[in-house]
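First up is the structure itself, then whatever we jot down about it.
By written order: A, B, C and D. Residues from 1 in each chain.
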């Protein structure tokens, strides 16, 4: 199971493979297998791209059937049978069923592309160039989306100034500051230096920012604020959409509708690249082809996406997310938090974060991640100083696997707390 | 075969479907079939994404086998069996076999993403923000790549100023101007207003720009110029790479090696999203994760990509491109150009353009495209005023299909020349 | 005293003349006379350009003598007798006397030009493009300085995006927020979205922002913060330098030295255009001529500037500012604030602001300004909603004129409070 | 006549003083005197700021009288007697007399400020952000104007990307390229990458660019082009306006009227800072105060400006420029050009350039400038590689001084040609 070839041929930019240096070959639901056959419980889940599990059989059958029958695979953005099937299902079973009214754009099959499309459209609609985003945000890696991404290392990669964005402190950063009032003040204070933006973009849960969940009141007030000041509200639901938080769209819990919503990752159903930019009809003022691209119609992803949605509805995956999320929370609260008063838990549905900032930050979280991996759990870190262990299994994870994984995490944290105590005592 | 659902649910941004308003269901090699079973010869070829044909059986078998065996589908950028197989094959059979030495970056599965990565890296390497690009260029739709794209409609979609780019007239635009001397003058004239760029980016054939082929001398001199002035040369081989021009990389004919090369479209083998940014080892100064993304490891695309390369080598697809290209050129020269002295032919390998600028531009090219479609050929237009009919079938097209398609084009042009003559006479 | 010609010939951009529609002809110390001979007490003072009074006789004599003797008037930035005299005097009597060590740049004779030079240099020194500035700031009208200016109307005039600046809430805006900690968090939080800036620029008193005085502790902590994070501190002393706050440099009270300080307005002595950019020697890494301009050596301004400084020192003008400032504060506190509990007073030395935000904002302040003018006092408004009446007479104002002016202000406020009460009662 | 103090106290940015290291004290018409009393013939003329000579007695008397009578010196942009006198005279005797119709803006007293105002207004009028400028252009040093300035050293001083400008080759650069057609192609080619600009800005003579005179046909065609494509034409007449080329506005010879014209330098009459932005009435859509500044009303400059214009008209200074220009051209053609076939002469009126590019460029031009200075002539260099000696005396220069100065230049060139020949022979 050599990794020499990767080191020899692949660019230094490779990242996650450094944290999890196995060569993976197969996968099923919540488990990955490396070339030697060793299994790993997957709490990373393609960063949210595999909500219905690895190689979900229901979807798999449809995919193989489609390929076997020479269903059209690539057709740019032409009309296809598979796209129509997807469109129809998505409109009826997802949008109308939830009383949403959106036009659907296929903007290229990645999240960053969907965000770029949303930004272009918002600027076109409002004829303004600025965007407000929250500190802690992550929205993508291409130049327009990167300007909205707050991670300093990522920003420094741009090589040019990242502009046209005003960052606003996230609600959790300054409890004494009311974020909505702060934004309103930026808009109304004629000496704030902030130009009125075309849009405000948020994630309802900052995943990469460290698993911070914004409460419903904040989301509702933001929606009202945007309307009051004639600003579009864009919700980036790439990581926490597709039932991750317990509802298909993460903003359903606040009973709001953004003007533009952005989906990717699990919308592809089977881990295939797909992205959607959802647009309130009155804002669908695109000219034909104004945002184009070769892979706007990834047919196999349409097939998988529709199958994925069917599976989700038939199996109450939204409920699964809620129920398993509660179980995981209970376990962490009962078994892990007691390990140290410096540990914190945040999250909603099946995206949970154990914050080790006060416990030692990057050093301890890295050691924990390593122990987890060695003991068969893949879990990534996020947030400031990479101090938050992110728990994000497939929503379809078997409960015993979920608990087994959490046990391994518990043991890994426990072991590393002991180590750091010993190190401390030896030094002392 | 209703398209109502698309019109009702899909954003106005949809484009190609407007030119070819059928609902496609199946495809095989060079032929598309709509829901009614009607076949169309495909001279569009996913804008260059299907060089080995639709649903190529050799690739198809590997793909189905992989999925059936629960090969891992999604794993972010972790090490996988499929990726290693691809890397190894690509390095040995493609790069080393052609005496190239590149590190391979998987930058997200679309061309625009690969261009964005190339720009970031060039700027990081040279610590300069400017890029030179050619008028007529097309490099993508996300903000960084869009700044390099010349098409005015696309640029206007940005909603913000597109900066850090200097456009240079393409060699074909001002025959009296030596483009290399012009660029050199921009660099050496201390009053040119042009800041020394990090990189010069070109396509060796401007496909979207109207099928303009840059000659070898130009490419060689550009390579020398970049070295002389310490500027990186980036070649965007997204549309004309993967054997389209008769060699795997389009720049092989000039015996040059860019510092960074960008591939997408047909590299995915089967129409699956995949993109590569190839980097000379000395410039691979990325920090881990400095450019990341969810779909950097599209495993099914790795499987298809390797199979596609195998197929290409085993079946001498590069030669096929050259031979069929010559046949197509001969047919057009003998049968189509004589229809009017105002028609022009350009191209290399199996990317050919029939330029109707002098014949009436957009009006006539649109009518011809429509006639072609009605008679069973899908061919898109490109270039200024959309006046160039682009002929770009799969390289694996059967020769009778190729000639049949060209006949339909001939008849379509002929018919439309008659119509416009009649219209003219009636008015006269 | 017709103003027809102005309305016919001068651009609509003209501003202050609309508030004070007289045609002025002569002036002496704190008094302006219009063409009819009517006098006005000047509480506006050229927006701080006339700290030593209009047509100060001591300076006047030197100026006339210089011109009469054909002293050189214009010589770009060549060495001149007058410049050397000024340089020597400024270094010894102003800088060394206050233990400051700065190289002196003459960047073109306006404040905005001096700010542009400071920005260029800071960016060159630190090789970073960003600047932090405070909400409420005003730094000038040319593109670089305008990006730092917060007034929305001014910003909208730019016609292009104003970038490379991060605005930080001023200390008075959110009392619950410690501004220094907020800035430090922007710098240390790896997800703040703020890139490390080349410099932080502040005014020690936000004059245009509404006469907000930053306390010494804030200034000291900011100085320490800049050192800690390797960021330059730029102080824009254009409006409140030259003794206005009671010390020559406004930052003397905090016993700090900025890395770059910017002076203009009253440094010209007699109202002549002049500006200085003062640079700590280690940062004077300019190449010769890297920032140039035609009027970098306004010789008559050098003569007047030196004479002005002599006058200032000989007549303890700094003390005058303090003493008269206290008298004015006392008068306002005793006689004006009691008119309404909604009035607020802020200021230091002889820059004072009566804040009418709670009393009715722009409407009332405009009416008061108008009454003042009609009764012979020229005073401008500043700040949010233009709600702050700014009191900024020459530091050399005769005390009876100062009190007379304040009386007129008191009566104007009183009258307008009655009017608005009556209006209110009539409506009620 | 020590320069120690300058070296000790003044920033390294100082420039011209390095070429002419004397300390100047007095001046009269075309002669400067240093502190030792040594005279220098002034062929530099404040870079065009002293067209009516140093310390012109006619203007001097008015200036002294005004100051002596306590005429108001500083009043921001309020109405004044002096401004009205200037406005009325300028409108009637300059504008209406030449059939021009412009509103007058006082944008701050420097050229760069006037250019910034012009850019803002053009962008506001056309709601577009781009500007076209010519390679070789110089328009100023503040960020907006600097983006239009082509000199590489100046641009590198910016510290941020200079954007929103497209540079077009100047007519003299590629004789085979028709500049107007090139621009038209940028505008009409839908793949040029150039966005339609708000304005095209030019100097009718590129002074800093190396004394290149644009012919009338070019100027007329540019005017027509701008109208055809709804683009504003801005002429920067800062250096070559005020009669320098033989007419008050340099564009009079082409019988065109720009939409915005920018004046500074000699408009101040006596070397005092002043600048004007002239605006066709239909484009004067400024909001009050949208571009402001402290020194928009430099009263002493208004007095001097009006007196300067009176003097110019009374003494036919425009004619003087033409006549003396012809004499200087004849002398150079007869006496200097024969020294070497590698010398070239360009110019119009009294702005002439002797181009030494082929003779050795910067090295020889620097040596010549030095010899000239040692022998009592001040003349600066301009253009690429600083290879052009710029001859730009006051238009009022006595003819014997003009010839004497040219003799010294001749002798300096002659001596340096011999030196370089000898050096060459010694090396050979």
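Here is the rule we go by: contacts are C-beta pairs under 8 Å (C-beta built on N, C-alpha and C of every residue); 3 or more make two chains touch, one makes a residue touch a chain.
Computed from a predicted structure; not experimentally measured.
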Farthest chain relative to subunit C (centres taken as mean CA coordinates) | B
Could you tell me which pair, A-D or B-D, is linked by more C-beta pairs in contact?
-> B-D
In whole angstrom, how far does the Cα centroid of subunit A sit from the Cα centroid of subunit D?
-> 58
Euclidean distance of C-alpha centroids - subunit C vs subunit D, Å | 31
Chain centres from averaged Cα atoms put subunit B and subunit D apart, in whole Å, by 49
Which residues of subunit A are in contact with two or more other chains?
-> 129, 153, 156, 160-161, 163-164
Name the graph shape formed by the protein chains and their touching pairs; answer line, ring, star, complete or other.
-> complete
Using the touch definition up top, name the residues of subunit C that touch subunit A in the complex.
-> 129-130, 133, 135-137, 149-153, 155-156, 161-167, 173-174, 176-177, 182, 185, 189-195, 209-210, 383-385
The subunit C residues in contact with subunit B across the complex are 160-161
Which residues of subunit C touch subunit D in the complex?
-> 3, 5-6, 8-18, 20-28, 32-33, 35, 44, 46-50, 54-55, 60, 63-64, 67-81, 83-84, 87-88, 90-91, 103-113, 116-117, 119-120, 122-124, 129, 140-145, 147, 153-154, 156-161, 163-164, 198, 238, 264-265, 270-273, 277, 279, 284-295, 298-300
